[in-house]
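Just so it is clear, A, B and C label the chains in written order, and each chain counts residues from 1 on its own.
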């Protein structure tokens, strides 16, 4: 196994905006605009940013739940960017996702057992007779009673439902799990439990994580490396310690100094942005952040800064450096 | 473990109970449901309940008015057949056709709506154009033309009624599917590697059942109405087999002699349609906030 | 507005094409084909059949037939009837006024009465009146129109003798307005029953939705009287979905007209349809299917355009 389980190169995902009688393409939403990442095996990468910066889209595109518009996705040394659904099917076992909204991520009409066992059934991992036992084992792994499997999702609290979602992700023996803001919809005390659960699972099963979040404080505990995202671009990247102790980008500084609390539910409409963040339909020229930057100077509104290495395992995209 | 933490597990009553209780609060809906069950019972046990063979002619006993004797409680028709028996057997026929037609409608409409809603794009476009086009034909015109082409029996009549009424169901299912498919649990299924068929039938369809149930109930009402009309005109259930509709075919000519021949079958049709309508309406109200997951 | 109109018309065109294809397909898929009526006649030989086929152009490939037929439809040449050889278009068109009269009267009655009941119900929600009206509407919706017609004839024509039992006017009598009106009443009421029910329900729910909006509350707090609120604020806004309902009801109206005309021997399109059906007069059937479908398409188009005129939100979207 290479040291990087997942490598993403210049990933782009645009959504066309249609207008008019014949659905003319009037513009593109640059949700993900040239993102490059690397995740070390058995480590955790945190992808942070405000609502609507494109982090969820990045996560979904990496998993090929959305087709990339451009760029490369390399999983375990293999380029999967152009894989079709049939080719992806076996690979899907390796890469799973845990969602943000514990209420929308579980099918209300299925039993917990059905939900957690779905992966087992789809990939025929265990014979039908053994499935119940396997589901029980999975539930125990995430700290739930095995006889919960006969119940329905609405009978459980948010934290419990999130555990069910994690059990589902684990059911197919993945190597990579993408957590799309898995803590955002939970109460603070529950957040801690889930974080601990994820850490335990990572140690036990050698999992690699990409955790997408907007709350830097939550993420600092679990992440080995951090990538800061804004309007579809990575602004800063480095190990957690380096970035938190020595943030180089003005945006990172701003994030660290205040804890933004955007409404987690609003970001489900990842295309439409509200508030001060400019629309990804028409991103600002030059550095994307420059309209809001305190340190803005001459080249910022003309030239887009490239991601450059300023120290060992610390990259930043800013003209200041 | 979970037990150590004092997580507050919200006490949800099961969804079914909530819907059920809401349904019960609508008296008319309950009345409708009760009548529906009674009618189904009458239809099911027609052969046990009917005093006579509905096809048995006795020209010596023509035009006996109802409520005169116990032997022909609802009277006899123009060739001496017992009206009560014909009503019971006719009811069985009409209800069978109604329910069969409902299945044809719901299955066709659901499939089309499911495929259109799930795949979107060109497929959706074509299917919706088809649906819109079919909706341009007034149902009775369409039905009659089709009825004139086929050899009328229970199955064929049910099928043509299905062909002329699936459009509404398709629309309902499609809009429900398009709403649901954006939900995370569908994405989760895709991430697990589920096939399109799996997602459509195991994840999407069960969540669209609520509005479909309402549609199904109302479509029985419509089907009974349609069957009775085409049978009345002679294109549906053929004599001597009884259906409430064809019992009315000659009723107009016997108004003076035997008005009950026109009144009784019509009352049964109205009662049936009414009870299914009330039932369906009550279902819709009970499911209302649940119509969208 | 012009933009919207053009868009809307463009959307109607594929519908027209689709309708013609399906109509044509139906006719030709019929067992026995369009010449079924002839195949039933034992005196017609296979030779004769072949000649008739050629004469009607039925031996050409199906898409050619379709194009010829569609072109004919478009230019007003709808062929001739099997029996009597009259031009189909003429036969159909001479029946249209009667149907339009019936549908129009029923529609007008339905809107007037339905809206009255609906608005009254909305204003006095949960009152006895409202409860009776709502339940009554549900009951009325369940009445088979043809049976209701039969009963109406039975009560008002046979038993009470107040109104005639059928036809558009009294044969051989004075064809004056009173006579025509007397003949019009029963069929109109019968046809309108279900429509009144639908309109009252729709109006009621549409008004209820509007009344509960904040801008009505504002108007009320400004001291405006109930009547003023009703007409200047509530009414225009509740109107839009109702115009849409008009479009949706058109197919229903046509179906109902067919049923009513058969019961009351009303000399309209519906009656013609059933008569043609009985003798398998395919040209008329085809023509009528197309006419009714086109009427529905045009009706919906008009309803949408009127709606866009009333509700600026629609044409600006």
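Here is the rule we use: a residue touches a chain if its C-beta (ideal position, glycine included) is under 8 Å from a C-beta of that chain, and two chains touch if they have at least 3 such contacts.
None of the values given here were measured: they were computed from a predicted structure.
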item: Most widely separated chain from subunit A, with each centre as the mean of CA atoms; value: C
item: Closest chain to the centre of mass proxy, which here is the mean CA position; value: B
item: Interchain centroid distance [CA atoms averaged], subunit A/subunit B, Å; value: 47
item: Euclidean distance of C-alpha centroids - subunit B vs subunit C, Å; value: 23
item: Inter-centroid spacing, subunit C versus subunit A (mean Cα positions, whole Å); value: 56
item: Residues of subunit C touching at least two other chains; value: none
item: Contacts with 2+ other chains: residues of subunit A; value: none
item: Sequence positions of subunit B contacting 2 or more other chains; value: none
item: Complex contact set, residues of subunit C against subunit B; value: 14-15, 18-19, 22-23, 26, 29-31, 135, 138-139, 141-144, 146-147, 150-151, 153-154, 158, 251-252, 254-256, 258-259, 262-263, 273-274, 277, 280, 285, 288-289, 292-293, 296-297
item: Of all residues in subunit B, those that touch subunit A in their complex; value: 1-3, 5, 7-10, 12, 14-15, 183-185, 187-195, 198, 203, 206-207, 293
item: Touch list for subunit A against partner subunit B, complex; value: 60, 63, 65, 88-90, 92-93, 95-97, 99-101, 104-110, 115, 118-119, 122-123, 143-145, 152, 154-157, 159-160, 163, 165, 168, 172, 190, 193
item: Subunit C partner contacts - residues on subunit B that touch it in the complex; value: 28, 129-130, 132-142, 144-146, 148-150, 221, 225, 228-229, 232-233, 235, 248, 251-252, 255-256, 259, 262-263, 266, 269-270, 273-274, 277-278, 281
